[in-house]
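So that you can tell them apart, the chains are marked A, B, C, D and E in the order they are listed, and the count of residues begins at 1 in each.
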């Protein structure tokens, strides 16, 4: 199919342009290409994710949602972006200026780096690292630092509280998140995302690992501060948490990164549990997108249904429920794999 | 060409900076940071030796992972101690901790 | 327990999401206001005899009734001003009018840019003595 | 002409050393902690240059969390004083500087005289499996010991931090 | 050496919550002393919405003051109207026509329902249940439409008059009211499905901000908050005013006195209000809506007190008259103000999130607090 290879063709074309130049220039060129591609992907998707979120919440709440700018309000996010760019940029007195300025930029670095290991389609992966999933988790965990930087440097008590919550929540929920992935990794026998997808050609991991998927979903929700776990922002208690004092584009960066994280987390969920780009008839990258948006829809649906959890319940739930469950899941998976091997090839 | 010695020099420099931090700082947390830097320098050493001298086995990397594990344990205990100190003295400076004379 | 309530909630929001929106698109779809709506005041100058009962009934001294004595020694209205910026929209003035000269209009778009525009002149007599309706 | 590898090494080394120096020299403890992250990230980059990707990921993951916690503590415990002067030197900083400098000179001198002999062989392209085999094969006992160490450390840390409840 | 305590202690700090804060329901301000996430001390700071309504009353005639009562607890204007006009009627000894009495009851109960719906909605919103905010407000909107078609305004109704009501209901009122009442069970069902059965919500509210009867009585807490603590005290039963003694209804009582019960009891009271309205609707008599009242109302010298069960508790009006056309002094015993007093007691020692929940469950209106 011609549509199938459209993106790989573009990449090959760019590689052809660079052929014959020194190797470091090729690396740099491809790096720039990756960055441009990812940024375009992230920005386009995020703009429409914001629109989608607003529309979905509106439908759930029997409203109409944005409908003024463009047909059905499709250009609303662009209008908002322009508005937010035009706002006054405030640095509070008493803020730690450099940290305050750098924080929104820092939060975008992991947000863009995450997409390197996501296989968007057949042969459509920026860097097929041998530690793919682990790389994703490691890079995602640095988001904490950026939130902490923003929260601490604003010199505001609300944002400090939010930053403390961010640390407690994100670091704790990293553990069940990682452990829920272990089952998948055991099934695929590799940390490489492309191989995990390849292993799901027959059955998707969500069928084999339903418990892991639920744990992953909950922990991912907490990792990206969404849904019932949006304690970091905690609008009703600590106003906007670490972002209280941020205005204009700096706030916009935080806002964008939240959605970029939602996007990357959903992409990871699709890769790990929903069979990646596998699917009949349609081109592989289209399948990936369909699944991606289904996943995002579930995230949004959950967010607009549930109230916020309390902080001690959040911690208790993590350590007392999710962690033992994920450990049990690893055990069951291990035993299951061995039994499967015993049945199919007759030995442990 | 980057040789083993380059890495070792980097590691030595990092180690000495860490050492200076660990020795010269007043705040217990800063001392902890110095120690972390030193452990990192050691890890660079291990990995570099592994890569240049014995690449067929990954013993150096495994050892480095153990070092990270120990460092994590160390941070946990040390922070607990710092809390306890802070609770008693309302301060996290180690220069005042001289009540144990011998 | 064990997430049953959560699933029930998800089901409810799913159904709500498929339902129809209950909000109105305001400038395109005008709200249907009942005739009793307290919007802006209007005065029938033919019926008004400038007795000033409305001005006295008003809790906030919103209404200013200016009257003159004519040649026939009868009082008649020269100007009727309502400071809508201070109006409570309670309707005591309308109720107090013995001749039914004052009534409500279901006009709710009263926002204006300058504070002095909130003073509505419901009636002003021209110097020539003609009767004309004010804003 | 520098090779890509060499360029990357020099950049990463410069970042790491500069960040490490900033950790030590900064007067603000939170800045120190933030520079520590930069130093760790630089180190992780060096690991990648040395084909230790797994270790690099471990480095980022463990230290991002650890340092975040460090910052939290730093903020919590220095709330009382001025944060801008929360990371000062103690009285023996001169001696410490001399010791550190001396150690560096000594090691550099030794490094110059060393002659390393390579053991031969080449690194496997996918060394994650090799690490797994090593940890759960040859080094399974140290691995378990490390696990116990971690457990003991966590329990100890909790007890030390919370304090033993006095009998009522 | 500092004393070593059993609990982990860090530096306490003060947090200024409000007057501009998403969950202080207006311009309430609390000065919290926090130990991490834990609230150590709470100090109520009010007065940001003080308009001097009690003082304004001294410069208004008895009739002219009616519109101002709307602005006390602006979520239940009808009930404030009712309390005030009944005070004056009690002082003058005016008999109110039957039809007016029934209309008053219908309006008052509708107002109570609307107020409870706002209470539920804002409470739910304060635990971040964004979607569950909408069903109560959807239903409340229909109640406000009913008010609008009868008295021309949605919230500041000024409907009651001394001796009756301002206007008779239009013909389309009763069918609309009936359909509203018929849709109520569906609304309550939706609330249960969306939020009351939700485990996260239960976890947030159960056992949070517990108020026992003794404390409640000591602080003078009344209304749904008191009934949620287990005391079935309702002025409509205990000291019937108007024609409440003719209707059959229950006083819902819950026993835990926590935030969850305070939420639930409002849903139950909405059901009971609907019951009263149904009865009043069926037996609505024809006739006059205003009694014969002198044009200029003068109260005989003396002091008068009357209290009603408003949506948030006992609402009392204390009138002192010197015989003139204007009150000499009017004091308003407002339920929100009294209930607010219990907040520090309820929230000290809980988490910041619990503070928000408890505060929302007490359900105050700042217009009522500051007057």
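Basically, a contact is a pair of C-beta atoms (placed from the backbone, for glycine too) under 8 Å apart; a residue touches a chain by one contact, two chains touch by 3 or more.
This one's a predicted model, so the numbers in the text were calculated from it and none came from an experiment.
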Any chain that touches chain C and chain A: E
Centre-most chain, if every chain is reduced to its averaged C-alpha atoms: A
Centroid-based (C-alpha) most distant chain relative to chain A: C
Per Cα centroids, the chain farthest from chain D: C
Chain pair whose interface holds the most contacting C-beta pairs: B-D
Averaged-CA centre spacing for the pair chain C and chain B, given as whole angstrom: 76
Chain centre separation in whole Å, for chain B relative to chain A (CA means): 32
Approximate Å spacing (C-alpha centroids) for the pair chain C, chain E: 28
Computed distance of Cα centres, chain D from chain B, in Å: 6
Multi-partner residues of chain A (at least 2 other chains): 60-63, 164, 304-306
Shared interface positions of chain D, touching two or more other chains: 3, 54, 58, 69, 77, 80, 127, 161, 163
Contacts with two or more other chains, residues of chain E listed in rising order: 4-5, 8, 13, 131, 134, 138, 194-195, 198, 200-201
Complex interface listing, chain E residues touching chain C: 60, 63-68, 70, 131, 134, 138, 148-153, 156, 158, 166-167, 170, 190, 193-195, 197-202
Chain C partner contacts - residues on chain A that touch it in the complex: 56, 58-64, 67, 301-302, 304-306
Contact set on chain A toward chain D in their complex: 22-24, 27, 96, 99, 129-131, 134-135, 137-139, 141-142, 144-145, 148-149, 152, 160, 163-164, 167, 171, 174, 191
Chain C to chain E touching residues, read off their complex: 1-6, 8-9, 11-13, 16, 22, 33-38, 57-59, 88-92, 95, 104
Residue ranges of chain E in contact with chain A within the complex: 13, 15, 21-23, 34, 36-37, 124-134, 138, 194-195, 198, 200-201, 203-204, 351-356
